[in-house]
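First chain written, first letter: the chains are A, B, C and D, and each begins at residue 1.
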Amino acid sequence: MCDSKIKLKEKDIAKIKEICEFFDNKAGELISVLHRCQSEFGYLPPEIQDVVSDFMNVPVAKIYGVVTFYSFFTMKPKGKYPISICTGTACYVRGAEKVLDEFKKELNLEVGETAADGKFSLSSLRCVGACGLAPVVLVGEKTYGRVAPDDVKEILAAYEN
Amino acid sequence: MSKYKKHIMVCGGTGCRASESDTIVEKMKKELENRNLDKDVQVVITGCFGLCEKGPIVKMLPDNTIYTEVKPVNVTEIIDEHIIKGRKVKSLLPADSYKGKTDSKNMDSFKKQIRIALKNCGFINPEVIDEYIASNGYEALGKALMEYTPEQTIDIIKKSGLRGRGGGGFPTGLKWEFAAKSKGDQKYVVCNADEGDPGAFMDRSILEGDPHSVLEAMAICGYTMGATEGLIYIRAEYPLAIERLQIAIKQAREYGLLGKNILGSGFDFDIILKLGAGAFVCGEETALIHSMEGLRGEPTIKPPFPAESGYNNMPTNVNNVETFANIPTIINKGAEWFASIGTKKSTGTKVFALAGKINNVGLIEVPMGTTLREVIFEIGGGIQDGKKFKAVQTGGPSGGCLTEKHLDTPIDFDNLIEAGSMMGSGGMIVMDEDDCMVSMAKFYLDFTVEESCGKCAPCRIGNKRLYETLDKITQGKGTEADLDLLRNMSHVIKDTSLCGLGQTSPNPVLSTLDNFWDEYIAHVKDHKCEAGQCKSLLQYNIIAEDCVGCTACARVCPVGCIAGEKKEVHIIDQSICIKCGACMDKCKFNAIELI
Amino acid sequence: MAKVKTLADLRKMKSELRSKIQVRENPENPESIVQIKVGMATSGIASGAKEVYNFFTEELAKRNLSGITIQVGDMGYCYAEPTVEVLVPGKDPIVFGYVDVKKADQIIEKYIKNGELLDGIIPPNYQNINE
Amino acid sequence: MIKLKIDHKFVEVEKGTTIYHAAKKLDIDIPILCYMNLEHLDIENKPGGCRICVVEVEGRRNLAPSCSTKVDEGMVVRTNSMRVINARRTVMEFILSDHPKECLTCSKSGGCDLQDLAQQLGVREIPNEETCEMSTYRLDTSPSIIRNLDKCIMCRRCEMMCNEVQTVGALSAIHRGFEAAVGTAFEMNLEASTCTYCGQCVAVCPTAALTEVDHTPQVIRAIADPKKTVIVQTAPAVRAALGEEFGMEAGTLVTGEMVTALRNLGFDHVFDTDFAADLTIMEEGTELLGRLKKHLAGDKNVKLPMLTSCCPGWVNFFETQFPDMKDIPSTARSPQQMFGPIAKTYFADKLGIKREDMVVVSIMPCLAKKYEAQRDEFKVDGNPDVDFSITTRELAHLIKQANMDIKKLDKSDFDQPMGESSGAGVIFGTTGGVIEAALRTAYEIHTGKNLEKVDFDQLRGMEGIREATVDFDGLDLKIGIAHGLGNARKLLEDIRDGKSHYHAIEIMACPGGCIGGGGQPQHHGDSAILKKRAAALYREDAGKPIRKSHENPAIKELYETFLGEPMSEKAHHLLHTHYFDRKRKRNIGV
């Protein structure tokens, strides 16, 4: 069971309704609706899925089935500075794993986790397509290329304040 | 306004550097100075020419003469003859076949790459439709609508021999024909832009650099099959490509090149975007269609093929980005022209994303039939840091690791399959001597396990078991029986999986077993990892000659496995060592090695 | 924007657009200008192409040079990004790799103003089909 | 016709036939696991997921799943080449490597498709078992159903039943890859979901991933407790299927043997739910006539059509999915829940014992009955009207535990008075039976005439939605029948849209009615079994001396001495209920 309990406000529900209606509440547009909701709220907690289920008349189990199928959808809020390490092949052969290990160590987080203070979250992703810069690390929108394990402390330091 | 009258460009690529291009530069500069020409002639070091085999390369400007295999002793001759006397140094000109067209503008045949799908990438502003039109954009659509019937258009594609660039290599024209012949109230053209192969970015580059070419091709396809709606299924992880596509669609609509009655032909066609959400399996067309329908991206058994019953159960044609990007040029330049490029069964070119331990990481487009050697050692500029080439993985997680012995294999769909790999979408990852092939196979299986949709048992569970067995081997706990097991599991997973993902996922295992058997044996019998990548198989060893007995290592060892008296050689008890590496870091005398 | 209603319209449009380009690329023509193309695909932007693009745009104006900066897609030389192609009328286009602001400054000062080449030029290693 | 060769033999089949079915024609039984053909529902479950049924087709690169590969002219198929046998066994090893190996204590042991196949395919070990990670999930125990997803093999049958057939939408495939399973939203308990406990998922599950909550230990303890008087009631559908658990032909009636077995087990009184079914007809029939009368008198507020309410899965369905319509169904309790309070008042009084000292056990073809028995409104001071509800399958286990074989038992009769029933009560167990029983009584009461022909053939059959018009002496009574909740949904939506023209509708949650209930022996999709069970009930009905509920003397006596008349205040108190809005609530904050 998902224990995160958030309380949606009336205006949040109105927003979700608006999104669903934008897509005519069509079940075939479920993924588009979830994309919009996630970009609006940052993540897709059960409460949001419940409301979407209600408006779109799709069983919430189906929605959960879709949300858990696609790696782009998340049910956990990301950190203020989400850190993603590319673990595509090009980055892998150029040492992404060591960089990832270093981030895990420095942040004391596992992949998919968000720090208790909500500052950083750690995830791995498959190929951002910047293979020339391998290994690549993204912090929010910012890209760091050719990252070595030794650079990790420095990268994090930029967000320490 | 130019300060210099002439320029001498010397290749500074890794290959050329290895054959003394540095010395050539130094000598050039000195000789020019000696002749008081250094104010008129500039010597510059350039990036790789992609002719590494014939290096070092020197190019003369403004006349564009290229000299190959230049040695430091040739420097004076080049300066005296070419610069001073204005005569070409014949002995340094490229081989006979290239004579007569020795300036680089006409040296096209000298170049390994031909750009068709990428023809506009890096040349036009992708956000300005005028630039696309200026470079002959939408001409093919106009031609098809006005001058050809749908059947004739399909015929051109069929005759061109174009095969799907997404991996499978199915003849595109035939696919279009099936969709055209299917009956349905509504038909759909779908562009598969869910590039999920880790280490591949061909499609993204095309969409970001030349979005209109895809829109134009989709409209042509729609015309041939009688579809009025197109959908582009694109990775949500590609925000820039999405943005450029949206701009392109908007501009095309404004120009009336999408929408109702295109170019007065009576043909209606419009395109919308559908976002993927991060599932590699959605590259498979039935999974992709389910995902577009708002469902879990699980594949279904074919038949029925999408051409009969696809999106919303209507006839649907799915092609990938690169396939579409070839279409306008084929229509404009003709099927024969296209078929003349490449090999007989695999015509045209293929775009590859060249990455890994290679000097010139990048996006390349070569005619089918180019050898791996040409791609890796000429275009790619060879292996980084002068290391030894070990393997190249084509086809991403669905492909296999090819080796030295495959380097001269001409790349085409069939040859790659025969070699135990596949074309895939075009990722090409180069590995060197530091890469452990067992670990590499494990890396790919880790990917497959994560990306399997879970619908069918062999892919859901079998790949996990493959991964676990490989993991066991990399930890030094594998046995020879495990190798047999790997092979049997791989064959069964390939044989029984529901979709292309599972049918190809064991390829990295099988191809490494085939090509690197000794390395597997070394792992399971000698518990050795030559590449030094499998940590559990490494041993920290104290080099007796270098150890001064300072005791620093013994003091830092967290498990107390280093014994030795002061000023005497120390020894590591391998049975206790946890391989943390602390001793090696601590040793000031480089007396600890990893073997 | 006007709709392109027929194939003939489209072709007319194309030839007009092309002649404009010829004008700006012809060194004999007083309206000729320097064109700077900056590779701005995801990887280019990730390695700083946007800063370079902005720098060129601002500096060309500041330094009174007639030129335009154009964003284009991936040139293919990912190892050397950001990459920039400079087309000085009458000359072959030159591709520079690893362009940061400092190098961009040199490109303007040395190459565009003086025709002096810089180390690290990337020779084009492919042929483009011409239609 | 298509001609092809399977294992060197030619066979001719119709176009569109699958290899699996073509092979059947040659008596070649290709093993299957996820595939299930529900002919009576016109639904096939063939996700092509288990890959057990793969065969070799000449000219194809990979093996083909025979369940979903259609035959082609001239096709050459091998179902037993070494390549196929090796692949099949290896795939089975994969499946077993991610399946708990606790067969000895597993409730499905002996009746498990996976276990049978493992034996058939000769799997003797799991390679590298010690390094095989297993996918594990939280165990979910609800009032009726236990979900142990560790045992889920992703055959997707339950998902299909829950969504396509029942349209309940409680289950869906969740997660991806190795972690994929069929589960609930947010992996919540079934209890919190939209689950109706219809048990159709349990009925089709090939393993023990979905099983009923086993209440037999409690029943054994109650019988063993000398202070308790234990009363048992058996639902009509049970007698038509129990024999199957003992290897008897489907549709064999074992009513008498069952009564003997129950008595031997030590139940103090063996009664029949059919008695309560007759009682239900009295209440529900009277309610229908009452509503009808008001309607005919022009009362616009009266709710018609009236929907039957004897199926607890159906009650759960409209409470969760159509709470806005909860005043349409009859307020009459189900027979199980009428039996309980009568036993614990009327009969307990007769015995002179206290309510607390009486334990009422019901034998039901149903899993929703377990939940129904536990509903708060069916308790008096915490003491439930029905203490334990066990399924046909659980009863079979009990009988086997007590060293009995139903085939070899003598027949005996139910005890009195609550063992007396009419034929009308018997047919409650099949789709159309409740409404037919109701009409037999309602007709006579409404018209005051004797019903000549008691068989309403037009109401019988297996069509998912049926309708009939019955002449009530000049009044055309329009009757609708739906079984399967997906069909029920269609009728409900029509009512909501004002398009329904029926006066009364019978709804059963399970396809086929109670004979196809979630607690019955597994029918593996064989629709012939369901038809045979239904026929058995109609046979028992035809053989009964009394075939109308209102003629049941025990019922008459019950009203005369205890309840007064149907819909009396006492009857209301004991035999009627009310419904709740149980729609899943959105979480809205302040």
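Here is the rule we go by: contacts are C-beta pairs under 8 Å (C-beta built on N, C-alpha and C of every residue); 3 or more make two chains touch, one makes a residue touch a chain.
None of these values were measured; they are calculated from a predicted model.
Ranked by C-beta contact pairs, the top pair of chains is B-C. With chains reduced to the mean position of their C-alpha atoms, the one farthest from chain D is C.
Nearest to the common centre of all protein CA atoms is the CA centroid of chain A. Each chain gets one centre point, the mean of its Cα atoms, and the points for chain A and chain B are 27 Å apart.
We define each chain's centre as the mean of its Cα atoms; on that basis chain B and chain C are separated by 26 Å.
The distance from the centre of chain B to the centre of chain D, each centre being the mean of the chain's C-alpha atoms, comes to 56 Å. Between the Cα centres of chain A and chain D there is a gap of 43 Å. Shared interface positions of chain D, defined as residues touching 2 or more other chains, are 173, 175-176.
In chain A, the residues that touch at least two other chains are 65, 69, 71, 128-132. With touch defined as above, residues shared between interfaces to two or more other chains in chain C number as follows: 41-43, 45, 77-80. According to the touch criterion at the top of this document, the contacting chain pairs are A-B, A-C, A-D, B-C, B-D.
Interface residues of chain D, counted against chain B in their complex, comprise 47-52, 54, 62-63, 65, 68-70, 83, 86-87, 90-91, 94-95, 97-98, 127-128, 131-133, 153-154, 173, 175-180.
Put simply, chain A touches chain D in their complex at residues 1-2, 5-10, 13, 46-47, 49-51, 53-54, 59-65, 68-69, 71. The residues of chain D lying in touch with chain A in their complex are 138, 163, 168-176, 183-189, 193-194, 584, 586-590.
Across the complex, chain A is touched by residues 195-201, 204-205, 236-238, 274-280, 291-297, 312, 353, 355-357, 361-362, 393, 396, 427, 429, 431, 435, 440, 443-444, 447, 453 of chain B.
Partner chain A is touched in their complex by these residues of chain C: 41-43, 45-47, 77-81.
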